[in-house]
Amino acid sequence: MARSDFKFFHDFRVRYSEIDAQGIVFNAHYLTYFDTAITEYLRRDEFDYSALVKETGCDFHLVKSLVNYEKPIPFDEDIEVGCRTGAIGNSSVTFILEIFKKGQEDRFANGEIIWVLTDQTTHKTVRVPDNIRNLIEKIESGQ
Amino acid sequence: MARSDFKFFHDFRVRYSEIDAQGIVFNAHYLTYFDTAITEYLRRDEFDYSALVKETGCDFHLVKSLVNYEKPIPFDEDIEVGCRTGAIGNSSVTFILEIFKKGQEDRFANGEIIWVLTDQTTHKTVRVPDNIRNLIEKIESGQ
Amino acid sequence: MARSDFKFFHDFRVRYSEIDAQGIVFNAHYLTYFDTAITEYLRRDEFDYSALVKETGCDFHLVKSLVNYEKPIPFDEDIEVGCRTGAIGNSSVTFILEIFKKGQEDRFANGEIIWVLTDQTTHKTVRVPDNIRNLIEKIESGQ
Amino acid sequence: MARSDFKFFHDFRVRYSEIDAQGIVFNAHYLTYFDTAITEYLRRDEFDYSALVKETGCDFHLVKSLVNYEKPIPFDEDIEVGCRTGAIGNSSVTFILEIFKKGQEDRFANGEIIWVLTDQTTHKTVRVPDNIRNLIEKIESGQ
């Protein structure tokens, strides 16, 4: 994979609160970067996540996280997290995430997050609705 | 103040995730220690915080936090946080917190947390009910 | 105090990782916002914090944090943290911080952070050097 | 896998600071539980991690994290994290981690953490030394 595989990036500057005694970003915070990047990736004028939850009674739950840590990320580093949708299953969405030095090919980490849509009352998995499939298609086609 | 002013302590061992590049606990995590210590201080078989919220429609909100950082706390340190109630006003409760090296007089920090009870519908402050006043009195009297 | 008292603001968008079960920013994360805002406030082409530590063998330690929580901050809120220097003592610097809804007078919180400069070998407090005094004067005069 | 595959468990009580707006542990904090559990798993009177770093100039870096989130973990839940070594390669150690409701077969999550030992000067991977191999063998044999 490379930068050019991503149509969406979200920028972060590493906070002092995020680094550990080795002077690099503590491993758990990569998941916070991923989570925040997915939120921004899905942010669209025409899409309201809270409305989805309210109207359908369904919500996404994270079922898998994977991070491959390639190079340590130092304090104050300007990074950008590329986010794209790897696959949409019946009830799941797989996001592919990679962390780059801002504006460069230099990659710090790559990983994957899987969400599953669940009915909040019955706790059963639910088919990802068409409006979300269309939204992701639009984002990925660069519209 | 000294250790002997506290009837309640909650133990922590400093996690690697809580220290920063100086190798000591990052300042924000002291508030997590305080928050967790207050939860344990109020934990009593006869008191159910969630029930309070459900039954009365009121909930406490934190309105002030103060920390005086006296000595840095290193990784893996065994600490204990003393918690006591400094004052109960009409709608507020003031907790006094101090962090000690476990079992010793050696103090790392001291501080204060103020909670205010608020009606979740009207957003107005509400008198702290007698069952909470009695609970705190019991805890402080060492019962 | 008001927005107009600040010459420097740093923007944040509230992350999902920062909110609690009440759906609002957890109290400890205000200190992370403050810490990050101070880092950005002091960021200047002509000032290198790491160089200060290396060259003088001195480093600032946080000795006090105070937060007054005025209104809860919800998920996804666009906020800005105003930062200014309240006072410079012999070895201490007091920062004043206030959190606003982005671009508005609406204030969520206010607080104070005090740093003390310490010699890393002798652990004694040290006079804040002139280059930092001049730097802060420059920032506060809007240069 | 089941509880009986683990000889080592470390207990946690879920902190209010660790839950999100869904009222359950935020996904990134699972990695903090894992990290803390590994620290405790390796804690032995005869083993001093800091001494290893100082004496050999080598340190472990985390290169992979994987979490499968099976059931949400609510606030205040008493959990225990089982930790065991899945494999020791030339320069890597793979830890297997599973989160259970305390004292029960009920599993909340499972995952894997891989560490690689690296020379801090040359940044090259280094063979895991015999004293660590022996230590892990001892822990796994229940000594």
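Should a chain be cited, it is by its letter among A, B, C and D, assigned in written order, with residues numbered from 1 in that chain.
One rule holds in what follows: contacts are C-beta pairs under 8 Å (C-beta built on N, C-alpha and C of every residue); 3 or more make two chains touch, one makes a residue touch a chain.
Note that the coordinates shown come from a computational prediction; the quantities given were computed from them, not determined experimentally.
Matched by residue number, over half of the contacts between the chains of A-D recur in the interface of B-C, chosen from C-D, B-D or B-C. Placing every chain at the mean of its C-alpha atoms, the farthest one from chain C is found to be D.
Chain centres here are Cα averages; for chain A and chain C they lie 29 Å apart. Chain B and chain C have CA centres that are 25 Å apart.
One inter-chain figure worth recording: chain A and chain B are separated by 35 Å, centre to centre, where each centre is the mean of the chain's CA atoms. Under the contact definition stated at the top, the residues of chain D that touch 2 or more other chains are 16-17, 28, 32, 35.
Those residues of chain C lying in contact with chain B across their complex are 22, 27-32, 35, 59, 61-70, 72. Those residues of chain B whose C-beta lies close enough to touch chain A in the complex are 16-17, 19-21, 23, 26, 28, 75. Against chain C, the residues of chain A that register as touching in their complex are 15-17, 32, 35-36, 39, 76.
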